[in-house]
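Input: structures, listed below.
You will see chain A twice below: alongside chain B first, and alongside chain C after that.
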Partner chain A sequence: MGMEHYAYVSPLRHKNACLKTTFGITVLVCGLAMDSIAVSLWITVSMMGISVIWGKVRLYDYIRFLAMPLFFILFGGGALFFATEDMRLVLLVTLRAVGAVSAFYFLTLSTPVGELMAVLRKCHVPPVLIGLMYLLYRDIFVLTGVWQSMFTAAQSRLGYADYRTSLRTFGGIGSNLLLLSWKRADDCYHAMEARGYEGTICFLERRQSCRWYDVLAAAGYIAVMAAIRRFCG
Partner chain B sequence: MKEDALLCLRDVSFSYHTGRQVLTHVDLTIRAGERIAVLGPNGAGKSTLFLLMNGVLRPSRGSIYYKGRRMDQKNSNELRRSVGIIFQDADSQIIAPSVREEISFGPMNLKLSSAVVEERVAHAIASVNLQGFEERPPHYLSGGEKKRVSIADIIAMKPDVFLFDEPMACLDPAHARRVETLLEDLSGQGKTLLVSTHDVDFAYRWAQRILIVQEGSLKADGTPPAVFAQEALCRDANLSCPVLLRIEKMLESRDLLRAKGRNPRTVEELELLLKQGNDCVSPAGPAQG
Partner chain C sequence: MNRKERKLVATVFITCVMFGVSPRVNAMHIMEGYLPAGYCIAWGILCIPFLLAGFLQIRKRLRDDGRSITLLAMSGAFIFVISSLKIPSVTGSCSHMTGTGLGAILFGPCMTGILGCIVLLFQAVLLAHGGLTTLGANAFSMAIAGPALTWLLYLFCKKCRIRKRVSVFLAAALGDLFTYCVTSIQLAVAFPSPQGGVAVSLMKFLGVFAPTQFPLAILEGVLTVLIVIGLEVYARPELQALEAEKGEAS
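After this line comes the complex of A and B, so read on.
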């Protein structure tokens, strides 16, 4: 399963999106600001725990998701080591980065993009931007679907038989996709106008109650972070 | 203009900016509660006709009247509120990240209060049987489910007139039947329906009135039996005769169907006619032994 899909099926999805976003960002910022190996380790391990235990993400998948950024982070850590030869610094920087990614993964794996956009709207991000984000998000899936079927159709006609042909096919699909998205933009605009669109995209806001024990849990987590910083350095 | 005319097109022509003439001199009166099938080859102008009726496109010539009032630039929004289009490709209609949000788009544009929007969304979801799909993102829906979402989109806006652009295209038989039942339901609620289609058998059994659009003009307008009786015209538009009408003609010509010119719309109706015919015949017929 992809990250996107986990966000939709996660049991944590039904928690208040604003709270989750605030929590994720606070942990991220505090983790970076506290500048401590112990705190970063705590964030990494606990966020993995939350996502795997409460978010029902398979451990294997979680590690798979983490592998890509981890590769770049370790690469950067290696470079830093050769430059400074300060192992503590390398460890600190690497763990802070991993912690930050983990905090964001908590958000990504528990909150679908649509709900994140609703949070942004509450934060008074200009409606034009939000509207664009909605359309872009939707189009990613539509165009990927179209691309997938064009790819298969080209493959069935030996479009990827050798290197030269593959390059030509790739170019052909790319230009076709451009023309198609052009036409789609037209159709989509007509369909929106037909439903009374007058310049701003507006959907019904979902009402998610914010439970006191969720707020308490989030506050408790941050308190633990502060305590670790205080006692373990 | 007649009293019960809901939507009138008077000498409407339309051409795109490129100069291509898509519709020429269309005159059409639609009465409240009618069930109309729009037939014609691809590119004949059916979709353009729908976009004009909904006010997204403006006629280059002629005018459109809704409930007797002329629709122009200023009140085109009224037309969009009262006439809804279900587009052929659900993907070009669906824009939101979840089914509930998607269906709320139209009612939100009507500037209704959130309580009313919520109620309308729930009602629309129930009428297309998509309960439990509210939080699903559209990219995890099947083609038939997407179609139902696109229909719910318009149901939630509660228009008087529904324009369906080839609603059965690319649907499996089960979903096609579902859509047909939905059309029956809407018609039962007194809504006015226009459905563009290539399926002559569906048009014959479902519609009260058939329009044939070809090369940008209205070639025929009448009841299904009357329209399909014009053989030359149907041939020109590449429309085959509905199977049931052919069977009826065949039975009549062999004198197997006594009740002539009754035009049964369904197999069941034909069966009933045959039975009635035989019941009348049997007393006079030879005694069975």
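After this line comes the complex of A and C, so read on.
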């Protein structure tokens, strides 16, 4: 999960998370609503520029991140062409999807999940859900680590020697993982309780001031989008 | 070779080719930006009642027993991890389980709806599977419709006293197929064919995804059964506790 790493080290991380989220989602929604090839191209190129130049994401990594969704998008584009036989529509949808993914990448490559959740809290999402999401997010990494060692152990014991065995190994690891996760859940609860957990998980939030020039830049970006839509169609 | 053997070889050959050609399949997630804005909102709104039901159930459960929050979170993380693992396939092509079928069998459909939604959000953020604007559509197909059918089938098989392994297999495999049908419907409604409308493009979308989704659904069924068998061997008390809880909830 290299994207996670970039979100934590990005220079854009210290910008206000609310502003970044609002900006990212506005661009996403506007790109979708404007439904134009020129706007989508602009979003793709400019978001890549912002992430690479300001976000200090290595270009190679950015392209690697983009390659995976791009494959699905092209695969879907093939299916779409087969179904509708409308080349213009396929081109439009494909570019729109690439633009949307780029806009979303701006957000995920500059904002760690913890800060996204702080934004959700400000949007008055119920605290129960936020707590659940936060724990779930942490547990993903715990379980992935556990899975990794189980996988290595199974592999070194020829658990993936042939197809039948590998299916069985997969099933075994799956059930073992679930069992282990339930056990860990209990330990985790005890640890939380020992640290004063009483139903809500409290976080210390880093204060991020919202600078006027950031707001101006975001507004300018959206104005450029509108202008492109107006003049280039 | 007699006729029977030839038939066997042909079947095995076709199955192997199907597994072999399936590329990195994740056709079930609709990508970011794929659906027009109106449809994104519509599918999102359609999800709300189901998610509300799930939320209320979770809140009640947490009120009764606060310690289930870590259990729920772990279960959600399990769904995430199991659905992001490559399943073994012949050629090393990469495909994934949905994992929500297993979730529905273990925790019931309402809980799986909420957990599945959170998992989809994290899949979008961490792995770029699916997306934020298509979250509603994806949640409807993968976290609500599929698990709901799995759960109903599982209950139905239990009523008919079908063997547990068979019923788990049927429920998981058919739930997976249903997810893919719903995704195709979502795409077809958004992109009707200019000649024949929604019906024609639905048939075409179903046709395009079928060769990859059929073997995947069967594989999902097999793996779910294997996981459930493992749980039955090592975690019978935990499974019984879950069954009891589900009985109370429904």
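Quick note on the criterion: the second predicted complex is superposed on the first by the 227 of 233 C-alpha atoms of A that agree within 3 Å, B and C clash if a C-alpha of one lies under 4 Å from a C-alpha of the other, contacts with A are read in each partner's own complex, and residues count from 1 in each chain.
Basically, a contact is a pair of C-beta atoms (placed from the backbone, for glycine too) under 8 Å apart; a residue touches a chain by one contact, two chains touch by 3 or more.
Owing to the predicted nature of the structure, the values given are computational and were not obtained by experimental measurement.
J.: Could you tell me whether chain B and chain C fit or clash when both sit on chain A in the superposition?
T.: fit
J.: Once chain A of both complexes is superposed, is A:L136 in touch with chain B (first), chain C (second), both, or neither?
T.: second
J.: Check the residue A:G55 against both partner chains and state whether it touches chain B (first), chain C (second), both, or neither.
T.: A:G55 contacts neither chain B nor chain C.
J.: Can you report the vertex angle at chain A, computed from the C-alpha centres of the three chains with chain B and chain C as the arms, to the nearest 10 degrees?
T.: 90
J.: Look at A:L178 in the shared chain and tell me whether it touches chain B only, chain C only, both, or neither; answer first, second, both or neither.
T.: In the superposed model, A:L178 contacts chain C only, not chain B.
J.: A:C202 contacts which: chain B (first), chain C (second), both, neither?
T.: A:C202: touches chain B, not chain C.
J.: Report for A:C188: first if it touches chain B alone, second if chain C alone, otherwise both or neither.
T.: both
J.: Mind telling me which of the two, chain B or chain C, contacts the most residues of chain A?
T.: C
J.: Examine A:F82 and indicate which partner it touches, taking first as chain B and second as chain C; both and neither are also allowed.
T.: In the superposition, A:F82 touches chain C alone.
J.: Between chain B (first) and chain C (second), which, if any, makes contact with A:V113: first, second, both or neither?
T.: After superposing on A, A:V113 lies in contact with both chain B and chain C.
J.: Tell me which partner A:Y8 touches in the superposition: chain B (first), chain C (second), both or neither.
T.: After superposing on A, A:Y8 lies in contact with chain B but is clear of chain C.
J.: Between chain B (first) and chain C (second), which does A:M68 come into contact with in this model arrangement: first, second, both, or neither?
T.: In the superposed model, A:M68 contacts chain C only, not chain B.
J.: Which value, in Å, gives the least CA distance between chain B and chain C in the superposed three-chain arrangement?
T.: Least C-alpha distance: 10 Å.
J.: Common interface residues of chain A with chain B and chain C?
T.: Common interface on chain A, chain B vs chain C: 113, 135, 137-138, 142, 184, 188, 192.
J.: Per the contact definition, I'd like the list of chain B residues that touch chain A in the complex.
T.: Interface residues on chain B, with respect to chain A: 51, 54, 56, 77, 80-81, 84-85, 87, 89, 91-98, 100-102, 104-110, 114, 117-118, 121, 135-140, 153-154, 157.
J.: Would you mind writing out the residues of chain A in touch with chain B in their complex?
T.: Residue list for chain A touching chain B: 5, 8, 13, 112-114, 117, 134-135, 137-138, 141-142, 145, 184, 187-188, 190-198, 201-206.
J.: Mind listing the chain C positions that touch chain A in their complex?
T.: 23-24, 26-27, 29-34, 36-37, 40, 55, 58-59, 62, 66-67, 69-78, 80-82, 85, 87-88, 90, 102, 106, 114-115, 118-119, 121-122, 124-128, 131-133, 187-188, 191-194, 200-201, 204-205, 208-209, 222-223, 225-231, 233-235, 238
J.: Please output the residues of chain A touching chain C within their complex, sorted ascending.
T.: The touching residues are 1, 3-4, 25, 28-29, 31-33, 35, 65, 68-69, 71-73, 75-76, 78-80, 82-86, 89, 93, 96-101, 104-105, 108, 113, 116, 126, 128-129, 131-133, 135-140, 142-144, 147, 160, 163, 166-172, 174-179, 181-182, 184-186, 188-189, 192, 199.
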